[in-house]
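Below you'll find the structures, each written out as structure tokens.
Shared between the two complexes below is chain A, which has chain B as its partner in the first and chain C in the second.
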Partner chain A sequence: MKSATTAPGDVTSFSLGLALPLGLVFAIFFVLPLAQLLFLSLHNDTAATVWGLGQYVKFLTDPFSLAVLGSTLLLGAEVTLACLVLGYPIAWLYQRSGSRVQTLIIMIVLLPLLTSVVVRTFAWIVILGRQGIINSVLQSLGLIGTPLRMIYTQGGLVAALAQVQMPLMVLPLITAIGRIDPNLSDASASLGAGSWRTFVKVMLPLSMPGIIAGCTLTYAAAITAFITQSLVGGGQMLFMPMYLYQQASTLQNWPFAAAISIIFLFAVLAIVALFSTLGRRARGYGDAR
Partner chain B sequence: MSQRQRNWEALSFQIVMTVVAVLALILIVSPSLVVVIVSFTSGFSLKFPPPGYSTRWYVELWNAWQLQFAARNSLVVALWSTGLSIMLGVAAALAISRSKTLTAKLLDSLFMSPLVLPALAFGLAALMFFSLIGLPVSLLTLVIGHTIVCVPYVVRNTVAALAQLEPTLLESSAILGASRLYTFRRIVLPLIRPGIISGAFIAFMSSFDNVPVSLFLRDAATDMLPIRMWQDLEGKLDVTIAALSSVLIIATVALMAIMERTTGLSKRLTG
Partner chain C sequence: MMLDRRRLLTSALTLGAMHAFPGLSLAQARPLVFATFTGSWEEAHKAVLVPAFRKANADAAIVLDPMLSVDQIAKVNAAKANPPIDVMLHDPGPALVAIGQDLVEPFPADKSAYFKDLIPEAQDAMGPAPFFQVVGLTYNPETVKTPPTSWADLWKPEFKGKVGITNLNSTLGTGWLVEIARMRGGSEANVDEGFKALEELKPNLAAVAANPGALATLFQQGQIDISPGNFNAIQILKARGVPVEFVAPKEGAIAFKTTIHIVKNSPNKELAFKLIEAALSPEVQTILMNSPYLIVPTNTKVAMTGEIAKVLAKDTAELKKKFVFQDWKKINEQRASWIEKFNRDIKI
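Showing the complex of A and B:
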């Protein structure tokens, strides 16, 4: 066996060159394609011979396209809010449970993340459909005469997406709440604050990094959720992913599809940047308290 | 605030949080349970509760060659892209995890970016790129596309495992005369293996289930399972799909249990 010839400090780190293979793969098959997408979107004609911002002008001056973008961003906000309201108590319960219950909670939370997206969406069709569980129960109880229309509605879609994206919210929250020093809550209580006050003034601000991380992930996942949007949302509601797919695949209008992609991409990036700015602010806020 | 008032407040807080948490957990589980129950229906529709129970749709699944063909393709692509993700991702994770240079930080953001960017945009970009360089759509293009979107999971989990590795272990190994390669094989690799495995597991699951990239990079000859299922569901609500779904759910639960036993998956994802 050879003895180490490198300086002692060196043995704890690895050569940056090990990142070279993946770096090359990313350069060729990730960065180049995206650059080409940008390049194509900057052309006014389908053959990509005339440079111009025509595709972007077309999108940004078309009320229909803007409405699609707007409803997509709104959908993301609704799903994120639903995940936060339902997910925070799960993370809270996790931190107060014994290790067996903890494992059970994690397994339940992970299940939708790991089952096929078509499967979990399909489940919602079974639940919300005309002959679905909710309608059968309500009808057998005599509460409604005709089946309610829940599938192909915004509410149904938000419920389905919230269930599907929940793990992305709960996992960062569990990590963040776990890092809060339990003494702080005790201190708050001994200084006279009730549980709700302690929750709002101590726990929420201190778990803000987890909230921000969870919101970023759920938001990005909800607005890009092609399958769930198309199956539970149905034909009546059009969101950016389906819009993009229709333009690219059905209409073969690649430059416009490319422009939609770039606009969508920047919308997602803007949201992520907004959340991370909020995150930095929140950390400052958390430290100050 | 009086003691009684405070007790009442603490109780109300705990009750509200626990009730919401339990309801949310039920909301998360019930769709999967519903699919499994409905798949055993003896009827032709997805009525709940089913009019009677039988395994006829599982028998039907046995003859659904289109679904089986798509499942085989998905499996092949998932295995290849997971393998590539492990090889490329672990090496990259080693390089960037212990380096504090700007290059390492930039590479880290680059390797993580497929997680945030809309995969559908990447799918379209990849299709246009492959057609530009004259590479026809095939299992190969699918493997490349899937590797890009799956490798972040391996990188992230390996980086997390490396962050928990005590640098002193590497130093002591070196002081005792072990070569870097020997230290890597006998110290580093065994300690980060659970992290690599759980990252690879998530990468595999997300490749097997990938829609946005496959949507653009597949054709009839390289049909992929989630897309086949999606297209079947858009036409009609097929009970065969329920049987297939419940097979997938049960397989997933079994895999999760194995992962939990061998790598402590739950601790890894919350740590």
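Showing the complex of A and C:
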């Protein structure tokens, strides 16, 4: 925050050497494999002997592949939006509650992180299934005659993914909202702003760092959630992770799989960059007022 | 020994170096590494095959490394000169890939005591088949009152919204597509009829599972009532009390050879051969045929009993009559384009 006093230079400047071990780990286990992936993707044949951009041309000129990419990015957007809309009030509530309720909320939020993704996903299959909890309740209430189809649908998948990724949204939000000086909303109120206006003009812009962090994490996790996507989405809904798996494992077409990953990586990076630009804009707007 | 900080650091660095440069420990003999499949296969091999092998080979050291066929191929491919695996297990599709990429050693059949006893389909020079996997019709006997008899039953209007299939990532899905193509006059070289049949199946489809495991759980959830299914997978469900039955359709149950291979450049070739011998032996196959493993034997000296005799075949002659084997060399040639077509066309 701008009001904070800036610390003297000699205290905040550390030797770069401290970052060396982690830098080395990243170089060996992240940058190097990524470079290898890029290298592999620049081959036209499956045995990786002929150089060329053929795999990229194949992907980018194929409406089907582009549709897979599009639906994956859209899925991420839907899940992120659901998490934000449902997660923000919880984070808000957390900051306005006593310590007992806070412990309860944090427990409920963290609980999904403590169970395996596979277990959580199977739980969703049980909930959404033809004889699942939702269908049997609706049927016993006489609201529906035949069971609704929820599993293996986009809506079911978004619901399952949103629940699975919710902690990734709520935790950064709690931190960000907690950092906002409570006096600010009182000040806004005493200057005559209604609670809605205070929220939109003061609280929302100030919680933007949390929103961006939460959205980035949720988005990245949702579009790459191979297990949930394939188990709740089923074998006929194709998203990028499954597309990649199919090409690499079933068909052993590694150059095309590598090209898919690189394209996917850049698409995601672009979205993340977009998030943070939008966020910075919004924050600037908030500061200006 | 006192563990001071310096000594701890030294050993940590040494261990780290050994991992970073595996060549350093090359001189040491390593145990035989057997890459099996995960799940029930791993269980069966741990409980039966490994003890039999160790008993016959003076307690030789052996390690099971369970993973999918395609992952085995990737792992061996990454270190061809010094492979981390000695014995690989493969479905027919991946087996041909492994052989095509020159990753496996021919099986020394003349040294083998059991090779000649295998049914001819299992006698493969590049790696014999110690087991079969069988695909037939599986159904829920509580909701399907008359047991199905043919693949064609899946298209019956009474199964509207109740049929499950898998996509073509699996051997099961691809093999089944070939079989329904064949039922309508197609073949391994031409599955167009199979895709037409799939199109007509759409109203009946309740689910396209991402893999055979997911398909099995759909029975548990009551999501589907009938599907093409793997004999072993269904027996496991049945043992857990899920109402599900298996029948071999009149067109013939699809049989996949599960072949076992010595990896090229393996430092443990002799032991690898011994392990395969154990897998081919009638003793091991007899135990694996019975409950709870129910793996279909390939050695003609094994007398078929129990559930397998009841549901599949009483002897080798009947087995050969009831099973259809597919030409995976032809299938592999076009599998990529089929998967692509399935991705595009099958939306329910």
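Here is the rule we use: the second predicted complex is superposed on the first by the 264 of 289 C-alpha atoms of A that agree within 3 Å, B and C clash if a C-alpha of one lies under 4 Å from a C-alpha of the other, contacts with A are read in each partner's own complex, and residues count from 1 in each chain.
The rule we apply is simple: contacts are C-beta pairs under 8 Å (C-beta built on N, C-alpha and C of every residue); 3 or more make two chains touch, one makes a residue touch a chain.
As the structure is a prediction and not an experimental result, all values here were calculated from the model.
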item: Clash or fit, chain B versus chain C on superposed chain A; value: clash
item: First, second, both or neither for A:102, with chain B first and chain C second; value: first
item: Which superposed partner A:139 touches (first chain B, second chain C, both, neither); value: neither
item: Contacts of A:151 with chain B and chain C, given as first, second, both or neither; value: second
item: Which superposed partner A:236 touches (first chain B, second chain C, both, neither); value: second
item: Which superposed partner A:185 touches (first chain B, second chain C, both, neither); value: neither
item: Which superposed partner A:253 touches (first chain B, second chain C, both, neither); value: second
item: Which partner reaches more residues of chain A (counting touched residues only), chain B or chain C; value: B
item: First, second, both or neither for A:131, with chain B first and chain C second; value: both
item: First, second, both or neither for A:264, with chain B first and chain C second; value: first
item: Contacts of A:71 with chain B and chain C, given as first, second, both or neither; value: neither
item: On chain A, the residue positions that both chain B and chain C contact, one per complex; value: 122, 125-126, 129, 131-132, 230-231, 245, 249
item: Sites on chain C touched by chain A in the complex; value: 68, 70-71, 73-74, 97, 166-169, 173, 206-211, 214, 217, 221-223, 335-336, 339-340, 343-344, 346-348
item: Interfacial residue positions of chain B with respect to chain A in the complex; value: 1, 5-6, 9-10, 12-14, 16-18, 20-25, 27-32, 34-35, 38, 45-49, 87-89, 91-92, 94-99, 101, 103-104, 107, 110-111, 113-114, 116-122, 124-129, 132, 144-145, 147-148, 151, 155, 167, 170-171, 173-175, 177-180, 182-183, 202, 205, 208-209, 211-212, 215-216, 225-226, 229-230, 233-234, 237, 241-242, 245, 248-249, 252-253, 255-256, 260, 265-266, 269-271
item: Touching residues on chain A, where the partner in the complex is chain C; value: 64, 122, 125-126, 129-132, 151-152, 230-231, 233-236, 238, 242-243, 245-246, 249-253
item: Residues of chain A touching chain B in the complex; value: 1-4, 6, 8, 11-23, 25-26, 29-34, 36-37, 40, 85-87, 89-90, 92-94, 102-103, 105-112, 114-120, 122-127, 129, 131-133, 136, 159, 163, 166, 171, 174-175, 178, 192, 194-196, 199, 216, 220, 223-224, 226-227, 230-231, 240-241, 244-245, 248-249, 254, 257-258, 261-262, 264-265, 268-269, 272
